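Input: structures, listed below.
Each of the next two complexes has chain A plus one other chain: chain B in the first, chain C in the second.
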Partner chain A sequence: MAKRKAAFYWMTVPALLLFFVFHTFPALQGVFYSFTNWNGFAKTYDLVGFKNYYYLFQDDNVGNAYWFTFKFAIVVTIVINVLSLLIAMGLNASIKARNFFRGVYFLPNILSVLIVGYIFNYLFSNVFTVWGQNLGIESLSTNLLGSQGLAWLGVAFVAIWQGIALNTILYLSGLQTIPTQLYEASGLDGANKWQEFWKITFPLIAPFFTINMVLAMKNALMVFDLIVALTNGGPGRATQSISHLIYTGGFEGGEFAYQSANSVIYFIVIAVISIVQIRYLQRRETDM
Partner chain B sequence: MAKWSRLLGAACLLGVLLTLTACGSGQSADGKVHIEFFQNKPEAKASFDRLVAKFNEENPNIVVTQTNPPDAETVLMTRVVKEDVPDVIGMGATDTYSVLGKSGIFADLTGEPVLDGINPRYMQMLTDLTGQEAINGIPYAANADGIMYNRDIFDKLNLEVPKTWDELMDTAKKIQDAGITPFYLTYKDDWTSNLLFNALAPNIAGIDFLLQRRDDQVSFQDDVMREVAEKTLAVLPYGTNDNFGRTYADGNRAFANGEAAMYIQGTWAIPEIRKANADINLGFFATPTGDDAESNNLVSGVDTLLAVSESTPHREEALKFIGFLLEEENISQYIEEQTAFSAVEGIDQDDPALTELQPYFESGRLVDFADHYIPAAVQLNSLVQEFLQRGDVDAFLKRLDSEWDKVANRRS
Partner chain C sequence: MKNRTRTNWLAMVLIALGTVFILFPLYMAVTIALKNQNDMLNSIFGLPTNLRFENFARAIEMTNFFQALRNSAIVTVSTVVLTILTNSLVAYAIARNMNKHKFFKGLYFYFISAMFIPFPIIMLPIVKLTASLGMTNLLGLIILHTVYGLAFNVFIYVGYIRSIPIDLEEAATVDGTGTFGTFVRIIFPLMAPINATVGILICLSTYNDFLLPLVIISKQSQYTLPLVQYVFQGQFNTEFNLAFASYLLAMLPMIIVYLFAQKWIINGVTQGAVK
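Up next, the complex of A and B:
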């Protein structure tokens, strides 16, 4: 018995230690630095208490980054989940060349975000503009990413294009867990497709819906590399996400401690959102 | 109990091992001294590659490797935070340099023989920037920020190089009337949207104005800054139909192919433009900022300075490499390839594209970039980019003040 327990400890303790050393410990250090005035490399620094937090709440650049990030995350999460569920149902049906289509739809997920970003950057400036001019669409005839008001839609479009891949696969695996007998039975009872979806399919993939919502939201809230590749936060600060602000302000601007405070707040915000989301969606799962 | 402690011991050992392997690198197996040369100019990568190869050949016991990541200044900051400072650093004389210098990241090179022959004006620029007596950086190459023009287009339209601001606007109007794009503006990249501001502010408001701003004696809402902002805005109608959608790379390509008559850029872009079209007949003039051509200065800064890490164990070899780069033959090759200006005295830049700039260098009518004196945390580039989109002068000047104050408060 004791021997078997030791094996379990061997499985868990090393990972826990690694996690602590490389993740928890630096995170705690970050919390500590947020109470200092350290610029990231000076030999000395002082403790300044809550000063960084005080200025944080007066900084409209922070508010602006939160506004962009949430606007972006909500739109991206909803659109990704609707579209990937639709695509997954199509890919789950018995269509021709099904595996080929599954492969194609999964492709964006294995491409690096930066590569996708740079490719779309080229498309936005050189290809979509030509389409826009030919079709007479005003907002597309100039580079969408260069527009103060619309650039965020361009970023969201690319995020959705790439994000759909993973969520589609997750929904697909969910759909495959549903026994076909249920559909046969509902067919006998005379249910139409609409009822079938809301009464059978959707309730049975509820756990997958939960995880997809949480994952998509989390990925969108942490958006960083896509911004770097597409707009670098611009025009002005129109597409500056919170992680981008933390990075540029903390390193480029030499305000390491101040942006540490920003990341502490952001950590709390993300933790709260994730907990609320999981709680709410899981309760809904059991209700169904 | 015994089992527990053994388990814990093994786990700790694992942790220690991991940390050790992570920190234990750096000592080479081949017995040679390895020097990392980190530099920030993507345009100069090939030039430095050639010089580095030559150095490695001449010095079999030293291996220099060049690092040139994109967005190098930010990467350098992250390296500094990780306490992994490259041995030799090549960077511009920017606010980042000033902050790093003040923090004691760079070695003090006062009295080193490699400093002989360096133009004292550029040495002065660096010490002004850091506000310290220690010499943290050796000026290597200087640049100029101004307006590039296509001589063939100017000849065809019988245009002269403009000497005053009004002449510049007049020239732009004539070019536009002839159906040619006057300025190829590449304002999707925020740093390029700042170039005109950088040329106007030191001439109209002056560097002293920015130094006084540090001490809160002046405000950006003063009239001189309003003039700077209005003139920055005035070129927009003479751009392309998509000023905010084009990037630096787009601009270099388009200007090289004669798609526009003028291009607001620095001398560092010339090699990139010639890569796209080796035969372009281009010229370069200082941005005319006011009514008096005689009092106009050329904006020129230290494009590349060389610094040695305070913490490097190979200071001697690092200095040897710097000394090599400063040798007449090597710096001449560099400034020729990069169309830059030498910080070593007695080495002239005789590129035909830059003849109009020679008088400024000879008479010393040079002034530094404005943004070298504005804290990086203000993020001037994105403020200017936003202002150009919105076009609201009052809001912009107010915002410059409030952003500066916020940063100053946080730093105090």
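Up next, the complex of A and C:
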């Protein structure tokens, strides 16, 4: 029996060590550097206490990155969930060639975010502009991604195009768990489609709603590849996300310690949002 | 009573229209990759007048496509195999002991909690660490992908293993099979469905990953496919035909896999998220 227990320990120890060395240790290092003034390449650095954090809260670039990331994440999360649920209901209706359509809608999920971004980058500058000019839509007749005020909508559009894929499939698998007899019963009771949706469909797919909200929000808050491919944070810093700011500032701007502090704040924000979201949405599930 | 098996034409038409929205960018990518500059000037939307496969040949040569493909394939396949073999073993040890020993319970929450840690907080120090360990290469990338997958994989593996009745293993122990032997001969074969799920998720995320190779890989000869697109973006310049040929080539392996294993992939991704 003791031998058996020892074997179990040996199964986990290598993973534990590797995980500590490559995940926990760097994360702790990140926290440590956030209290220094290291630029990332100098031989020496000093401890500076909470100075980096103090400056973070007065830095317009940081405030700007948080503002962009949040408005982007909220809009993307809501639109993705509404559209995905509609598409999933369409796919769940009795239609022909359902598997074919399901395959098409899921396709964007298997593609590289970076390459999808590059393809849309071209479409925004060379294709959508032609439509804008022909249709006389002013905001589209020049490259949307070049507009200080509207570029973030362009980035959100691409994130939605790709993000719908996963959430649609998850909603669809949720819808397929609902027994059709429930709808037959409500049909007899004279419920209309609207009531049917709010009284039967939506409450029964609540767990899928939770997963989809959390996944979509988390992906949107982490946005990086899309920013690189579409705008590189521009114009100016209009579409610079938090992770993009940490990357550019930390590696190219000599702000290693400063951006470490930023990433600590970013971690706290993500953790709090995830926990609040899961708690709140799970309570809703049980209420219904 | 309504007949629910009759085709719902309204839904069908709307769904079909929606696919145009999904497929249009891909249609543009394919046609542009096959056009020459003249076709582009005449009509951006039209089909190419003569298929110009030369774009692909030039893109392959320019970006050294086969080298990048090999790098991506090595990293993806190795990560998938290594992840399935190691992460399942760790999860097995945790799943069978977490109710009896604090160590394993603690380990479980230690790994799981890493799901809440965003990559940027690790990104800056890990670059220094991998550089000092000489891991700025494909092997380093494989190890990091495997280690970073632990958080999520342990979570779904443990959930699955706990649903496997323990009686089977107890019988094997009575027969004198060791713990490791029990895992290899009895548990691992039973884990085929969840291994498929994990394998598919890791395959997709590793093949398409951009940020980790971007900060880890130092030599251009070891660049993966997404990284190559990034590096050549400036050199494609206004030669969009060339750029799109390169994008398509980079996406093609995964699209081909998807065409053949669509049902598996969709199931795998769904299972992974719902668990």
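Points worth noting:
In the analysis below, the second predicted complex is superposed on the first by the 267 of 288 C-alpha atoms of A that agree within 3 Å, B and C clash if a C-alpha of one lies under 4 Å from a C-alpha of the other, contacts with A are read in each partner's own complex, and residues count from 1 in each chain.
The working rule: a contact is a pair of C-beta atoms (placed from the backbone, for glycine too) under 8 Å apart; a residue touches a chain by one contact, two chains touch by 3 or more.
Quantities reported herein were computed from a predicted structural model and do not represent experimental measurements.
In the superposition on chain A, A:Asn52 contacts chain B only, with no contact to chain C. In the superposed model, A:Ile270 lies in contact with chain C only, and not with chain B. In the superposition on chain A, A:Leu188 contacts chain C only, with no contact to chain B. In the superposed model, A:Gly40 lies in contact with both chain B and chain C.
Partner contacting the larger number of chain A residues, of chain B and chain C: C. In the overlay built on the shared chain, the residue A:Gly132 is in contact with neither chain B nor chain C. Once the two complexes are laid over each other on the shared chain, residue contacts for A:Gly233 go to chain B alone; chain C is not touched. When the two structures are aligned on the shared chain, A:Pro203 is found in touch with neither chain B nor chain C.
With the contact threshold set out at the top, residues 9, 14, 18, 21, 40, 228, 247, 251, 256 of chain A are in contact with chain B in one structure and with chain C in the other. Interface residues of chain C facing chain A in the complex, by the touch rule stated above, are 1-2, 4-8, 11-12, 14-16, 18-19, 21-23, 25-26, 28-29, 32, 44-45, 86-87, 89-90, 92-94, 96-97, 103-104, 107, 110-111, 114, 116-127, 129, 143-144, 147-148, 150, 173, 178-180, 183, 204, 207-208, 210-211, 215, 225-226, 229-230, 233, 240, 243-244, 247, 250-251, 254-255, 258, 262-263, 265-266, 269-270, 273-274.
Against chain A, in their complex, chain B makes its touches with residues 3, 7-8, 11-12, 14-15, 18-19, 71, 73-74, 77-78, 80-81, 96, 99-100, 103-105, 187-190, 241-247, 250, 375-377, 379, 382-383, 385-387, 389-390, 406-407, 409-411.
Taken in their complex, chain A has these residues touching chain B: 2, 6, 9-10, 13-14, 17-18, 21, 37, 39-43, 51-52, 55, 58-59, 124-125, 129, 142-148, 228, 231-238, 240, 247-249, 251-256, 258. Those residues of chain A whose C-beta lies close enough to touch chain C in the complex are 3-5, 7-9, 11-12, 14-16, 18-19, 21-27, 29-31, 33, 40, 87, 89-91, 93-96, 99, 101-116, 118-120, 122-123, 126-127, 130, 161, 166, 169-170, 173, 180, 183-184, 187-188, 208, 211, 215, 221-222, 224-225, 228, 242-243, 246-247, 250-251, 256, 259-260, 263-264, 266-267, 270-271, 274-275.
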